[in-house]
Every structure is written in C-alpha cells, then in structure tokens.
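So that you can tell them apart, the chains are marked A, B and C in the order they are listed, and the count of residues begins at 1 in each.
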Amino acid sequence: MTSFVVKRVGAALGIVVVLTFVMFFLQRISHTDPVHAMLGAGASPAAVRAEAHRLGLDRPLVDQYFSYLKGLTHLDFGTSYRLREPVSTALATYFPATMELTAYSLLFALVIALILGVGGAGKWKGAGVFRAIMLPAACIPPFLLAMFGKIVFYEHLNLLPAAGRISSSVANPPTGPTGFLTIDGLIAGKPNVTIDAFIHLLLPALCIALIPAISIGRILRSSIEQTMQMDHVRTARAKGLKERSVLLKHALRNSVGPALSMAGLQLGLMFAGVVVIEIMFNWPGVGWFLAQSIPQGDFPAIAGVTLVLSITYVAINAAVDVLQAVADPRIRV
Amino acid sequence: MAAPDPGIGTLAGNEMTMSETSPPESRQGIRDQVDGRLHGSGSGLDAVASTEDLSITFARGRQRIHALQGVSIAVQPGEIVALVGESGSGKSALGLCLLGLLPTRPAPEVAGTATICGVDMLTSPESEKRAIRRSRLGAVFQDPMTSLNPTMRVGAQVIEAAGSEDEALSLLEAAGIPHARTRMRSYPHELSGGLRQRVMIAMALAGEPSLVIADEPTTALDVTVQAQILELIRELRETKRTSFLFVTHDLAVAQQVADRVVVMYGGRVAESGPAGAVFDSPYHPYSAGLLDTRITLDGPLAVELPTLAGDPVDNSVVFSSCPYLPRCPSAQARCEDGVPELRQLDADRWVACPISADEYSGPGLVSIRSKARRAFQPAPRTLDLTESPDSPEIQLRGEASDGKASSHQVVVTVNDAEKSFPLGRRDSGRAVLALRGASLRVMAGESVAIVGESGSGKTTLLRAISGLTPLDSGSVQIEGRSPQMVFQDAGSSLTPWMTVGDILGERLRKERMSRHARRARVIEALRSVELSAGVVDAKPHQLSGGQRQRLAIARAVMVPPSVLLCDEPTSALDVSMASTVVNLLGRLRSDLGIAMVFVTHDLAVARTVADRLCVMYLGRVVEEGPADLVCSNPGHPYSIALLESVPGRGRFSPVSGEPPNPVNPPAGCSFHPRCPQAEAACSATSPCLKTGQGEEMSGLHPGDHHLVACIHWGGRLGSS
Amino acid sequence: MVASVFPAITLVALLVPILAPDNPLIPVTTSSGMSSFVAPGHHGFLLGSDLIGRDVFSRVLYGIRTSWFSAIGVIASGMIIGGAVGLVAGASGGLVDSILMRITDAFLALPGPVIAICVVAAMGPSLFHTLVAVAVVWWPFYARIVRGEIRALAGRTHVDAARLAGVSRFRLATRHLLPGAVPAIVVTASLDVANLLITMAGLSFLGLGAPEPAPELGAMAAQGMQFLLTDWWVAVMPGMAIFALALLSNIAGDGVRKLWGRS
C-alpha cells in the first residue's frame, strides 16, 4: 500500500514537470512579446535589450527553463503584464474563491450522481424517470443553465443572489484561515457569513455540477447494474441477504471505482465550467481573473492560472487513485 | 431451526409436523403420491426439495429458449442427487429456480412448482424465499473466483452467512481450510482455487441448511483438488446429513459423488435412479450413449471412439415427440407418438423411454456400444509394446531398423526449457516460474500427450514449441513445416469478423493460386473435417462449439504442419463432442502422417490420443513413457496421485494439498510437500528422469523408455 | 434509425447559406428603420434581433454550422490520431506500448479544457487555434480506448492462430485487431459529440474563437449576457441551439450504441 502511494505520488510529480515544460514552450510561442508587453510598443532598442536581459531572455533556453522551474518552486509565476505585479499575489487573492466553488460543485456533483446512479439502477418504477432526465440534462451548456438560473431564481423569484461571493451588507467577512468563506465564517463565529456565502455559491455550484453529476451518475448506474449481474452478488443473494444489503454492501462498493475515476476526470471539465460560471456570476476567482487576462494576452497570468488548476487536478486525481486502492484490495500490487 | 437430529426418522417427523400446519404442502404431497409422478425414494412428503412439472422459458432476442419442459424431481434428506446433462439441458436453470434466483431481466416464463421444505420458490413473496435461502439452503457455484466478493475479506463474507465469527470459524474448519483463523483475513484473490471453493462450501453450510445446491462446483478445479472437494461433500453428507443437489456435466463426477442420478436431455428428465444402477445398466439410449462416448482410462486403444449421432438438441423447440428421437439408435415407430412420460422401471428407477425392457434387455445396449467402432490405423509407433520398455536393446533396435527411418526422425526437440513470467511490475522481482528445465522430443508421426494440473507449465511448453512464447533459456528445434496449433477455446481462436472462407484462405496466402483454386482448397479442407461447404461464408459465431473446433482443426492442417499442437481442444466441449474431436484428430494424424503434441489435464484423454505421455509438475517433466504403460503402471507418486484422483473409478484416495504456487516452488523434488512417500532426502535433491535401471536419460533419448524423476523409482539402489 | 440524425444535421449545416433568411453579419433594415432588440416573432425576426439589428435566427444557423463542423472535425482527428496511436501501442506491446501510453497518460492526467484555454490564449484567439488546441487535448482519450480494446483482442488466441498462419504484422493489426476496436471507437465518438459541442461553446464563450462579428454560438451568448435581464433572447437563443444540437447528437449517439450492441 505504501509503495503504491509512493509510486502514485511520483507519477503525479512527473506529470507536473511535463506541465512546466509545456508552459515554458507556450511562453516561447506566445503571440505577446514579454519585452514589449512590459515596455510598450515604442521602447528604444537599448531599453528593449536591457529589459530582455533583466528577464533573462538572452540566456540559453535550458538556463531559462531551469530558472523558470526554480521560480515556480518558490511560487514565482512571473509578473503580470496587465497588473504589473507578481501573478502569485493575484492567485493568492483569487484561488481560495475558486477552490471553494469547485469543492462545493464537486460535492453537489457527487451527491446528485449518487442519487441518479442508485435511483436509476434499481428495479423500481422511478428508475425509468431517472434515466429519462439524465439524457437531456447532460446536454445543457453551463452558461445556458446559469442564464436560466439567473432569470428564474434572481430576476423572478428573487430567491438567490446572482453575483459575487458575499453580500456587501455583510460587514468585515473573515479573511482566513482557509479562504473558504463558509468555513471561515464558522471558525470566526459568524454564522451569518457562512449562510450568506453558501447562498451565493448555491446557484453557480449547481450550474457547474450538473453535467459532471450526470456523467458520474451514468457510470455509477451502469456499473451497479453490471455488478448486480455478477456471480458474487448471486452468492450474496443465495445467502439470503436482503436486497438492500446486497445493493449497499456487495454491489455499491464494487461499483464506486469506475464512478470515482470518472469523477476525477470530470474535474477537468469542471474547471472549464468554473471559468465560464465565474464570469457569469462575477465570482472573484482565478477563472474570472483568467477571463480578464485573455483579451490582454497577459500570458504569465494565464499560465499561472493554468498551472494552479492543473496541479490541483493532478493532485486530486492521485488522491482518487489512492482512495480506489483502499476500496479495492486487488489494485494494490 | 433446531439442530437436526442425526436420526432421519426424527427429521422426517419434523417435516410431517410442518406439513400438517401447512395445508398446501400436504395436499401437494398427497397428489404426488397419488399420481406417482414424483419419483424418488419414498414419497414426496419428506423431500427437502422437489419440483413438479417445472417449465422455464427464456426469451433470447426473438428466440424462445425452453430451458426446462416439465421436470419433476425430488431430493430426500441426507441424499446427494446429481443432475447430469450436457450444455443446453437446462440443469443450471433448475438449480437457480430452486434457489429462487432466476434472472429477472428479462424474467423467464415459469410454470409448475419448485418447492423447498414446503415453500414454493416461484410464487412465494420475496421475503419468504429469502428466509428459506437463509435457513434452509446453501449454494456453491462453478467459479469460486467470481462467486466471492473480491473487495471483502473471506471471513466477513462467511460471517455474513453464519452470523457470528465463532460460527464462521467452525464452518471454515469443517470445510477443511487449514489455519482457518488467519485465512479469515485474506481476500479471495489471495487464496487458491480449491481454498476459495472451500470458503464457498463453508458459506453454503451456514445455518445447517437442509439442502446445498452445487452448480458445477468442481469444474473449474484441478483434478486432485476436485477429488478432495468431492470427498468433502461426501463427508459432510455423512456428518451433517445435508442433502446436495449436484449439478454437473461430468458423468464420472456424478458417479463418484451421487447417491441418485437424474439424467437430463433437452430440458426434460431422461432417466433417474440410484447412481450404481444407472451407471451399471443405463436404460435410456441417451444415458447409455453418454456413458459409451465417455473417454475412460480402461477403454480400448487405437479404435475410433463411439460418438453420439446427430446434432445437440435445439431447445428453442417445444417437443411433440421424444427429444432424443433424431439421434436415437434404438428408435421405434411409436417413439414419435408424443413426448414419452417418465415410467417406473422398478422401485427407484424412472425412465422417459417407451421402448420396453424385452426389446432392450441386457445386451440390447450392446448394440449401441458396438455400433461402428471401426478401427483406424494409428500412426506407426516407434516401439513394439510387447517388449520390456526399459531394455536398452530396444533403443538399439529402433535405431538400426532403417526401414522405419522416417518415423525415427525427430521433428521437435526441446532442451532444458526455462521460462518465467514477471508478476505485476517488472521491478518487483516476483515471477511465475512456468518452465524450470523441461525437455521433450517428438518423433515424426508420433503423438505425445503432456499431462498436468494448472501451473504445471504444460501450455507454456506447448506455446514455446509453437514459437509464440520465446524461452528465457534452453532451445526449441523444429524440423519441417512450422507447427500449427489448436486452442482450447475454439471460439476465441477464430477471428470473429472474418468468414470461414477468409480464415482458412489466410493459410494459403503465401501460395500463389487463383481465387477459384483457393476456394476449392478451402472447401476441400472443410470436407476433411466433416463440415459442409455451405459454411464457407458463415462467421464463426454462427457455428456450434463442435463445428468451431473442427474449423480450427481444418485451419491447422490444411497445409499439413510437421507437428500439430493441441491445447486442451476437448475440455470446453460436451462429452459427446469431445469424442468426435478426438476421432477427427486421430484420423487426420494417420491420414497426413503428422506428429502431435496434445496438452490435457485429463489422463483418460491423454491415454486415448497419445503414443507417449509426459507428466509435468511445476515446470518439469516428472514422468514419461508409453501412454498405456504410464496409466497402468505409473512410477512417480504424482502420477499415481493424478490417477487416483480420476473420478468415477471406485478407488479414490485424493492426495492432500494443492498444486503449489509456481511463484516459489518447493526446493528439491517439488512434489515432496504433498508426497505420501516423501523422506528427508526429497527436500534436498531434485531428482532427474531415470529409467527403471537408474540410467539418467537427460531427455535426449526419450523414445520408448519409461522415465521417472523420483528417488524411489526402480534405479534408486543402483545410483546411490 | 435514430443514428441517421448525424447525417441529417450535417446536411442541414451544409445547407445553412440557403436556409438562413438574412446575412448574419449585416444589420437588417426594417420598414420602421430601427431593428435593434426586436423580440422573437416580431417583424419577421423568428428569434428576434440583436443590439445592432442582426437577425438572431440567421446568426444561430451559421453558429450551428461552425459548431457542428468544428465538433466533427475534432472528433475525426481524435479518432484518427488516437486510433493510430492506440493501434500501434496495442498491437506492438512491449516498449513501444509503454512509451506511447506514458505520453497518452501524461495528456490524460492534465485537465484538457484548461490546457486548451491556455494554448489558444498563447497562440492568440482564432477558430483555427481553438480547433488545434482542442484536438491536441482530445485524442489521448481515443488512444486509451482503442489501445484497451486492442490489448483485450490481442489476448485472444485468434491472434496467436493468425501469427502461426504466417500473417504479416501489418495484416495482423489491420485485419485481426483493428476491426474489433471499430465498434468501441465509433460508439465512443458518437456519444462524445455532445461533450465536444459544449466544451467548444465554453471556449467560444470565453472569447477564444473567431473574433467578432463572426457568428459563434458561445460568443453570441457571452455578448448577450449584459442584456440578459432585459432582452434575454440574444443570449438564450444561441445557448438553446447548443442544447438542441447536443441533445440530438446524444440521442443519435445512443442510437449508434444500440446499433452496435454496446452498453
């Protein structure tokens, strides 16, 4: 088991190194020239040379890569062309908001998937209804869902807020220690912060969660159905176990593996959804920051966001694999 | 349930009290007694399980498969009933039906009754069926790997059935699991096949069930382990008086284990009665035919095996006459008048055949047995078996007889073959040692059988000869055309999306010939294996199992190789199909004069097809010699154990232990941990193959000698 | 057959220049002069008009055309590149397999859409760059599936039999292995169209597609967002078009799956 964890973590680190290669390469082919981005178009050749030297662009490529890598280990993502300040400062501001939104989206996705998967797999009459909802629901683009959410729950029902992380009326929201307002509110003893923050993230998180939830739910359903046909489930039934304990003790545990893998993969799509949804809901996260940076061709900012999201993704997938090894002893070799 | 009293009378008494309180059952029992359709010892009243007029129909696509068509059977307390039939006989559906576990999607149509201890397993509410499964029934299924939950420790799985840890422990011990307490913490994939099946049995025995339904429980196991499990079942029946319904395709297994046998054909009972009586004098022409086509260790050699005529039963038909009629050699005109009802032969024997006893008495059966047993010319043996096999003169004579020069040409030489397969990651260093220095020689036209259990390396040796598996060390030399192979699972050995014509035509790609000529060659090849030219445009899945295997053989021999390699080509086939394939291989071999290496776990098949026999254990040849001699007078304790484990021969004393893990074979003679004759020296030295006179042969002059790798073998005194 | 929805949509997409009532790029002048934000169903605007008076219906039709051909193009490239890599890896085994699958796994271990965003942003927003970026992150999925199918087939003895029959490596791969992987790849691809449509619409929504005034569904929805609560149709109609397109292709994909008997 320990060796499995070590191997999995090693593989994840390898992926991250590959990622830094890719980012370095993209930086080179980027259509924005870093020197002119910093100095403006009309800079004198001498100033350009000086700036290029300051940025290390006159050194060999390998050198440049290693100093880039070295910077990354110190959380130095470079300087934003647009803000003229370190990208890491902006990421530190925006990243917790994105993580909180993603965490809740993932949580919602898993809960919905479990309901859809187990509900759709049973032999009861409602199973058909579950299956019927899943097909069209999987086809709604997140931004369309967000539009409907805004029109219905904000404009017409006035139930849910449609922008930001927290109401301006909430005075002095806590700024630490986790950066998750729902949790920090509890830690700071301000339940109103937690409630307000939760209401704010409800709509965007659901919009992000829907499509992944259905993908995961589908896999879970077919996996449960397959497991329920297996010999060992027949053995469990032959023992005289109740159908419910057959499903929960014997079928579900053997079916969550594929669903968990799918959840890990769906996280990639969720990050893309997060970017769109953050724009739609003015959510002050890295996605929103990314959207601000794209039109300016602010590559260090774009690369910084890509790196933090990718590293999070790689880390979560490694964790999922380890979880699976815990669930299924055959994987630990 | 109170613990059952060992006295059968008391148990029956209990059943009587139960039936008095439940009117439907007693009514049922009386009806059974009246019309007498429920056959078995005594009345149906005290049966732990019975079915009456049970019919099951599955919908498969547009086809309707009539798995059972009016089956009535009964299992009495403390009785082992074997339900015997070929694939498609409906035997497994019957077992599942009694468990109340027929598939639900799509749900089959069911008629009749299936009763366990008075509870109808078809119509009762699910909760009642579940209670019966919990308290009165146990089940053991074919594949112990897939039948256990892979993510749960086996202890937890047994506790689920047994209720408490102590109870689970005593069940595991009763099922013969050594170190049961530590084993409880294992996952199924950490146990051997035999242990897994013992865990299944422990689970089935939880709650002192009245009946255990065992569906092919030994089919996936090695023959020595099968013997142990069969002994265990007999023993449990003695100690716990548990009834068993033992579903099997293997007549010998049924003969070994059962008190009573029910032979099924086409979803109907063909014959039933006490095991001894049915096997000694089968009445139904199908039972007689099945017994006759069985390949045994004492059958005549060098003759064609008897086969069942005709095609396997088509169970998409509702029969209006005897289902066996199209294949029956004793058919009479009146056999066409309706489906024959079961009739009583004597106290305990029932048969669904209208032919009367005098038409049929005693030698009448011989007419089937002796039917068309024509001798075929086997490939010339390199040895006159009347001579003493170990005398050195024979070898000299063999080399001197230049008249038979061609038959003395060696076509396959394997020297000191070693092969290991890494387990898991390459760097873990763990590996399955499949071959640990095996040597083999095959002469032109000779047939050699390699016999061994799983992990013996027999298939790896075969694949090494074919060139498909490269060796780690050692050498393989082939003379003449490259070898061809016939695989165990014919279906998997044929490219599914190619037509029969394409599959066969591919062998001719190197020969320049017109499309027309190629097609003619293909059709000729089909004819040679008794397939009609009409199948040339069919895809493999449109053929039956037996046809597919014949097609695979046609592909192998249409350009005759110097040696034909056969990897258990009969083990996936029904009994009657197996003998057809063995006959076909025998004929092709004598017609084409090719050598054959035949890998099998079945000694009887090996003896029938081979001139010479090699017994392998853990990657080494432990005994080789003329096939008949090795079977009648085995030298190595392992060969003796294998022979003793063959079911259906009366004497039956299974060797203990299981084939060890080929990842770390025991030091010295690898058989010594299981060997009844083992002594201290056996764990120290690893004996090599020797003649009875103690001459080491080192695999270079195999020919006709009887060689054994055991320190107890004849030459021991001379060598020490 | 439900599966024929695929060619049907392709046909409609081809005929868009004929079907569209107006030029998607030019404001329509009506009798009343002003055509800005006409509600759906008025003044001959089936789906309304946008800020500067262009016909939303025509723009949506052209958007569907772009989305559809983009999705088909990326899927096709995924099937070809992924199929080739998977076939070579699965059929060769050993070192070649290890190397190719390491590369594939590295791609799969990264969040594809995020990397695609970064790639387009680096190369500069354009439809072509978006297609390339998505294609680059999309093929490994297919390589995995094909390789898995091929490895499963390679374990069957029919491959051994073919090798013993003296079949060449190329023929072994193309005749004895590849046909067995075709159902899996076709079914996967047809169920993948909807995912791709939605993902690409997301990129276009972020401004990573053809620049304004090109009619792209995602971009149109993004531009309409600021008028969502007053003139909802400008944003919602393109979104609904993506939804309809995705739904149709999922239904068709399900049809393909049933046709090939896969679950």
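By our rule, contacts are C-beta pairs under 8 Å (C-beta built on N, C-alpha and C of every residue); 3 or more make two chains touch, one makes a residue touch a chain.
Note that this is a predicted model, so its numbers are computed, not measured.
The touch graph of the protein chains shown is complete. Highest inter-chain contact count (C-beta pairs) belongs to A-C.
Rounded to whole angstrom units, the spacing between the C-alpha centres of subunit B and subunit C is 52. Computed centre separation for the pair subunit A/subunit B is 54 angstrom, with centres defined by C-alpha atoms. With centres set at the average Cα position, the gap from subunit A to subunit C is 22 Å. Note for the complex: subunit B touches subunit C at residues 463, 466-468, 482-485, 487-489, 492-498, 506-507, 509-510, 552, 555.
For subunit C in complex with subunit B, the touching residues are 156-158, 160-167, 175-176, 179-180. On subunit B, the positions that touch subunit A within their shared complex are 99, 101, 104-105, 126, 130-135, 137-139, 141, 143, 146-152, 160-161, 187, 189, 200, 203-204, 206, 424-425, 428. Taken in their complex, subunit A has these residues touching subunit C: 11-12, 14-15, 18-19, 22-23, 26-27, 29-31, 135-136, 138-144, 147-148, 150-151, 155, 211, 222, 265, 267-269, 271-273, 275-276, 279-280, 290-291, 293-295, 297, 299, 302-303, 305-306, 309-310, 313-314, 317. The touching residues of subunit A, counted against subunit B in their complex, run 123, 230-232, 234-243, 249-250, 253-254, 327-330, 333.
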